[in-house]
Amino acid sequence: MPSDIILQPATLLTLSLCGYVGGAVAGLLFARHAKLANLLSFSAAALSGVSGLFAALVFLASAAAPLRQIELVPPLNPFVQFTARLDALGAFFLAIVSLIGFGLSVYSLGYAKGFLGRKNIGVLGAFFNMLLLATTLVFLADNAFFFLITWEIMALTAYCLVSFEHERDETRKAGVLYFVMSHIGTGCLILGFLLLFQTSGSYGFDTFHSIGGQMSASRRNAAFLLFLVGFGTKAGIVPLHIWLPAAHPVAPSNVSALMSGVLIKTGIYGMTRTFFEFLGTPPNWWGVTVLTIGTISAVLGVLYALMEHDLKRLLAYHSIENIGIILMGLGAALMFLHTGHGLLASLALIAGLYHTINHAAFKALLFLGAGAVLHTTHTRNMEEMGGLAKRMPTTSFFFLIGAVAISALPPLNGFVSEWLTYQSLLQGFGTTESLIRLMFPLGGAMLALTSALAAACFVKAFGITFLAQPRSHHARQAHEAAPTMLIGQAILTAACVFLGLFPTVFLKLFDPLTEQLIGQQISSQLTVVNGLVLSGIAPNGGTVSTLGISLIALCLVPLPLVLWLLFARGSKTRIGATWDCGLKSLTPQMEYTATGFSKPIRMIFKTLFRPRREVQREYDFSPHFARTIRFEAHVEEIFETRIYRPMRIGILRLSRRIRALQAGSIQAYLIYIFVTLLLLLLFAL
Amino acid sequence: MSLPGILLQTLLLLLLAPLVSGCIKNWKAKLQNRRGPRVWQPYFDILKFLRKDMIISEHASRVFSFAPHVVFLTSLLAGLMVPMVTTQAPLSLFGGMLAVIGLLALGRFFLALGGLDPGSAFGGMGSSREMSLSAIAEPALVLAIFTVAITAGSTDLSRVVAATHGPTLKLLNPAHLMAFAALFIVLLAETGRIPVDNPATHLELTMIHEAMLLEYSGRHLAFMEWGASIKQLVLMTLLVNVFFPIGIATDSSLAALAVSLSAYVLKLLLLSAIIVLVETTNAKLRLFRVPDLLSAAFVLATLALLSTFLFQ
Amino acid sequence: MKLLVPILIAPATAGLACLLVRSRRVMAALGICAFLTTLAMGVRLLREVLAHGAISECYEFFHADALSAWMVLLISTVSLGTSLYAGRYFQRDLAAKIITPGRMREFFVLTPFFAAGMFLVVLSNSLGVMWAAVEATALSSVLLVAIYNRKTSLEAAWKYVILGSLGLGLALLGTVYVYAAACKNQSERLPSFNWSHLMTVADQLDPGLIKLAFVLALVGYGTKAGLAPMHSWLPDAHSEAPSPTSAMLSGVSLKVALYALLRFHILATACLDSAFSRSLLLYRLWAVLYVPRSAVHFGAAQPQTDACLFKPRTRGSDLHRHCDEHIRHHLRRVVAHGLSCTDEASFVHGCRKY
Amino acid sequence: MTAPVELGSQLITLMAALMLVVQLFMVVQQMLLTNIRLFAIQSLFLAGIATVIGYAHHATHVYVLAVLTLLGKVLLLPRLLTRLVRRINIIQEIEPLLNAPTSMLLCGGLTLLGYLVARPFTSLERLGNNTLAIAMTLVLTGFFLMFNRRKAITQVLALLTVENGVMLAAVALTTYGMPLVVELGIFFDVMVAVMISGILVYRIRESFASMDTSKLTQLKG
């Protein structure tokens, strides 16, 4: 009897929520003695992460389980009920936040020790727990008010965590930018929910179910655009992405991992919930807009990532790229819903959501790797790293797994979700007669370009950071990360490998989700040959089995050994110097640099980047014998310079002109009131 | 999915690949009225490399020695998924065209890392150029394959081959021709042929693929070379069998297999002849002219896609 | 059942007691316990009002419905917060000799009266008494603004007094018109001026008078509430006042004036069709939004001016949010008064439109 | 019995008109002390009207109002303000915002507006026709006087005339005047307001060494 009580999702869920609250309180209470606070708060977060994960998986596995209404706080007035609801979509995202939360908390146990002398670890732990709690509640909120309140708490705690190391000016600026942008988003959300409220009469999410049908077309489109902008700002889609590459790098690494892995997914959760559940069958242009935004975000995200040589900014830009890929899946699903292809819509939706959890796993893993590297080399600039593979073997191995996964290379999870996206795009070509269907193959081509560029970017990131000779003193003295940090990374690597090799096992959990959103259960069609092989929907759709590929690869491994035994038993291997064209010896300065590595791409896409470089040469008597040469290269961030800066200048100029209104003399004020009174009297006559 | 099928195809891959690159080298020399190396010279090279001692740079990490195995195995796996002799490739259940592209990309990923590891400028330059150019070639490759897959209705190669193999000679259909042209350009870029990269030289300005192999020696170099030639064979098979599946065996009777094997070798040699012609008549393009060539391939692939339903 | 009267008496006695006491700590303690009692009573009042509708005491002179109960809670929480804060705040000022003990005693005497005035506004039933209470709050806060005897605070206090009393003069004229309208249709000698009574008879009032009354009330109470074109005194007064007073001013006293304005608004909508007063409030709202003055002061040095400058803009949204809250309360209260459902729906719908 | 009512309404109209005339004099008048005396006269007229109404309707509390106005506004306030002016000893009001002719024209316009606004409600008044219009005009001109003058004391005076205008409206419109408790509340509020402004004026005088409110412009936007 007790076992099934414990396994009840509701009890597990409440356990996880209380765990987070306990962690936060413990963090604050023991803030003075850092080690204890660190241990308590992060282990509490880890435990609640695990219980949250089990709650979600148990709920999804027992697919037929109905929606569960859990009253968290007694209702104050009829409109604000703090009720949480565990349904399929919420459970899926709950699984993401718990899995990543668990990995990150274990990692933070070791990572937070880095702040021992400088910062207050208790506060970091407390905010960390609060952020996880708020994000979990966002996924469980069942009422627009409760949703917006938790959304706001999440934004605030994230702001506090982003500006945790606020002594640096760069952090403060990024924090403010994040704060302003997330509030613009929340503003749009409030308006959107108000529009829904006007039709449904109450704020509960159950009354919003497919409310789109009863709304007038213009109001429905307005609601769609508001939600797109509101959730898009949080997700970081292209025109609204400028806060992401600023905020993520400055945050402590475990926080930026949490933000990249989970926080931007709340945007995706919001979009899925509103577009698929609330706004009913979409008109065609919704899907087309989301697909286009997704493609643009993907391509631009990866192109700007290639130009970065700050490791964490590079990873932040990649978050934009992967959000783009997720949106391509969602956009395709919306278009299929419009043309009434339920099966294809659920395939595209599964592709999008599967990539969400994949991205959460490998992006968090990469940020943890970057955090470990940052921890020892005290710099984010890749040009000062190098040779870390020998000094930090395990971290570099995990980083390599993450890099392979994010570049969508078989047999890992990035490849599986991109394969599903390709399948949905391919099948999409046949769904309509209009020219819109051209978007699918072109989208596929752009997806291919993105993943190839991502591969190039991560060859650069891994190669320059971990391989060849260390380029700086710190890199030379680098030492392996603490064991807990390695365990944290190991958890996420295991997640990546499992999600990559056994997709069919995981796809069954999607059934209740697609059932709820689109009314289709298609995991049976996706798994062929006793559940080992993944297949596209169409009867003769392509099949792929990452498990099969890896097994055959294992069988082929002895082949080189056999050849070596047959022919080369006598050969020896010697360690020698790298070929240096007769110079005395290769120095680290002669190695290829990150800027050099991305030079061809910069030249190919010069119209987009508009690169500028300045070379200052100081010399005593002849320019040919320079004493010092200073080289500086810039890539123009077009969104920043073309859109956001002119807007800011315009607003400031407008406000300066209006300032004249407050003239300071009492006569002026009296005249204002007098004129208003006269106007109103005339108006009232 | 039968075991003998896998073994046969692996053997075929291992043996045929060096032959093809040998022929290309030999014919190119003949065209430039040089005697050139023997056609089976690559076999001797590989055997010699296997036997020689290896020198590994002191800066290199374990990735350096892991990369050759990955390149070799991924090329083999990709080869097993491509229908060479029978319409049904041995591993077709485990992956279609997208899996082939993915495996080749995995091989390229580790090849580039191997190039960066020893810390020499040549390797870095080679990896940077290889990754950039292949990134630009990828969309054209995927779009061409999409076009073919759309006409056949699935990305599973055996179904695609079966579809084009049908009675009606789909070979001259404009969509297929343009897709073939696009894929041919991508083949030149991927295998490092003349207009994009010069396979025969060690001059650092002109070599892309060779630069990454500079630091390899002994057994590793053998696997790298062998893997590269297998990759070239896989791409050529893709081109040959998907677009001109004449004589490919549908059932596994001995006679049919023999006929399809000879037809397949003949077609391969024909394609190598075309490659040799292209290589001898063209000079190597400047690095930043290559993207224009590859965008031309992309435009061709888009035209192919358009023509699937415009000129139906 | 004596609930409303003690809410008024508690702060008044605290104020008087502070007159006699010398030490700062005792005065602060007095203030704190006064507001603690009002908070407790406020909570009880809210629960009682939520339980069974509006309650009134000593023959209709005091009247508390959901809206005023909510406001009582708001006022007591804010004043509790400020009095807690004020104790420590003045310790620092006293040490730095910015302020003389006499002036500080002035603060501790006037603040409870200030709060008592606000309670009276919220709880009084008759519009005339409500006006007098608003005037009382304005006057008691003027000296609070001028506590620091600097040039700028005197200037701010002067502007505050002149504009405030002018606005309230107009509001008084508005109240007189409403009263005139009430007299016109009742024959008996002394028509009661109680708000609850007026609501019942609202639709028979003469629309012209009510329209004029609403306009004057809008300008009058609007000046006190700092709505858009009449807001100029607000940033100066709030930035010059000591921060606890400025908190009370911006936190509550503007809301109280808004409360009074809303009383008129409900009356006007009940009497005329909802178009007139809604369009006026819309105009007010538009005026608030039109004046992005909060943007004006991004550059201004004093943070407090920024803070209170945000007030009008937030007031706009306050007004909006308030309206939502108030609408809900009106809903409950209007239903309690037995108005027909359609009118209430149109009212709610009308209100929500802007 | 009709005669006294008839007489009463004529008396009221006369006194209201006289209040308006006094108001116009104040607009033009430069001297501070005369301004205060003019205000006293105006309040006297208001008290007169109140007594007439009280007598006509036998409403005792209107008498109370009349007495209060008499005591407060006619005697107490003017003496206080004169003592204040004498202590600060500035007599002459400097150039107002708009010179005399334009302000007179503006007051004419305001009177017209007052009539326009009050026209639909003439039927309401029991005694004395369109005293409401005069009341509105008093309020509007008081408002105009406020921002036309620079001296702090004149602004207080202008505020008091606005107050008088409102009281006139209250008395004229309502048959029996407002409930007593409201009257008292209003009266004392006005008194306290004037006291406080007096204190402030004194303090401003101390720190600014001048009564000129146009100097109070440090608090800019």
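We just call them A, B, C and D in the order they show up, numbering each chain from 1.
Following the convention adopted for this analysis, a contact is a pair of C-beta atoms (placed from the backbone, for glycine too) under 8 Å apart; a residue touches a chain by one contact, two chains touch by 3 or more.
Since the structure is predicted, the reported quantities are computational estimates derived from the model, not experimental observations.
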item	value
Comparison of C-D and A-C (more C-beta pairs in contact)	C-D
Centre distance in Å when chain A and chain C are each reduced to the mean of their C-alpha atoms	47
Chain B-chain C separation of Cα centroids, rounded to whole Å	81
Approximate Å spacing (C-alpha centroids) for the pair chain C, chain D	27
Length of the line joining the C-alpha centres of chain A and chain D, rounded to whole Å	69
Residue numbers of chain D (touch at least two other chains)	117, 143, 146, 213, 216, 218-219, 221
In chain C, residues with contacts to at least two other chains	158-159, 162, 166, 170, 212, 235, 293, 296-297, 300
Numbers and ranges of chain B residues touching at least 2 other chains	none
Chain-to-chain touches, reported pairwise for every pair that qualifies	A-B, A-C, A-D, C-D
Contact set on chain A toward chain B in their complex	386-387, 389-390, 393, 396, 400, 404, 407-410, 415, 419, 422-423, 426, 429-430, 438, 441-442, 444-449, 451-453, 455-456, 458-460, 462-464, 466-469, 529, 533, 536, 538, 540-545, 548-549, 552-553, 556-557, 559-560, 563-564, 567-568, 570-580, 586, 588, 590-592, 596-601, 603-604
Touching residues (chain side chain A, partner chain D) in the complex	659-667, 670-671, 674, 677-678, 681, 685
Residues of chain D that touch chain A when the two form their complex	97, 113, 116-117, 143-144, 146-147, 150, 213-214, 216-221
For the chain D and chain C complex, residues of the former touching the latter	117, 120-121, 124, 139, 142-143, 146, 152, 155, 159, 162-163, 165-166, 169-170, 173-176, 178-179, 181-182, 185-186, 189, 192-193, 196-197, 199-200, 203-204, 207-208, 213, 216, 218-219, 221
Parts of chain B lying in touch with chain A, wherever the complex brings them together	6, 10, 47, 50-63, 69, 72-73, 76-77, 80, 91-99, 101-103, 105-106, 108-109, 112-113, 116-125, 127-129, 131-143, 146-147, 149-150, 153-156, 159, 214-215, 218-219, 222-223, 287-288, 291, 298, 301-302, 305-306
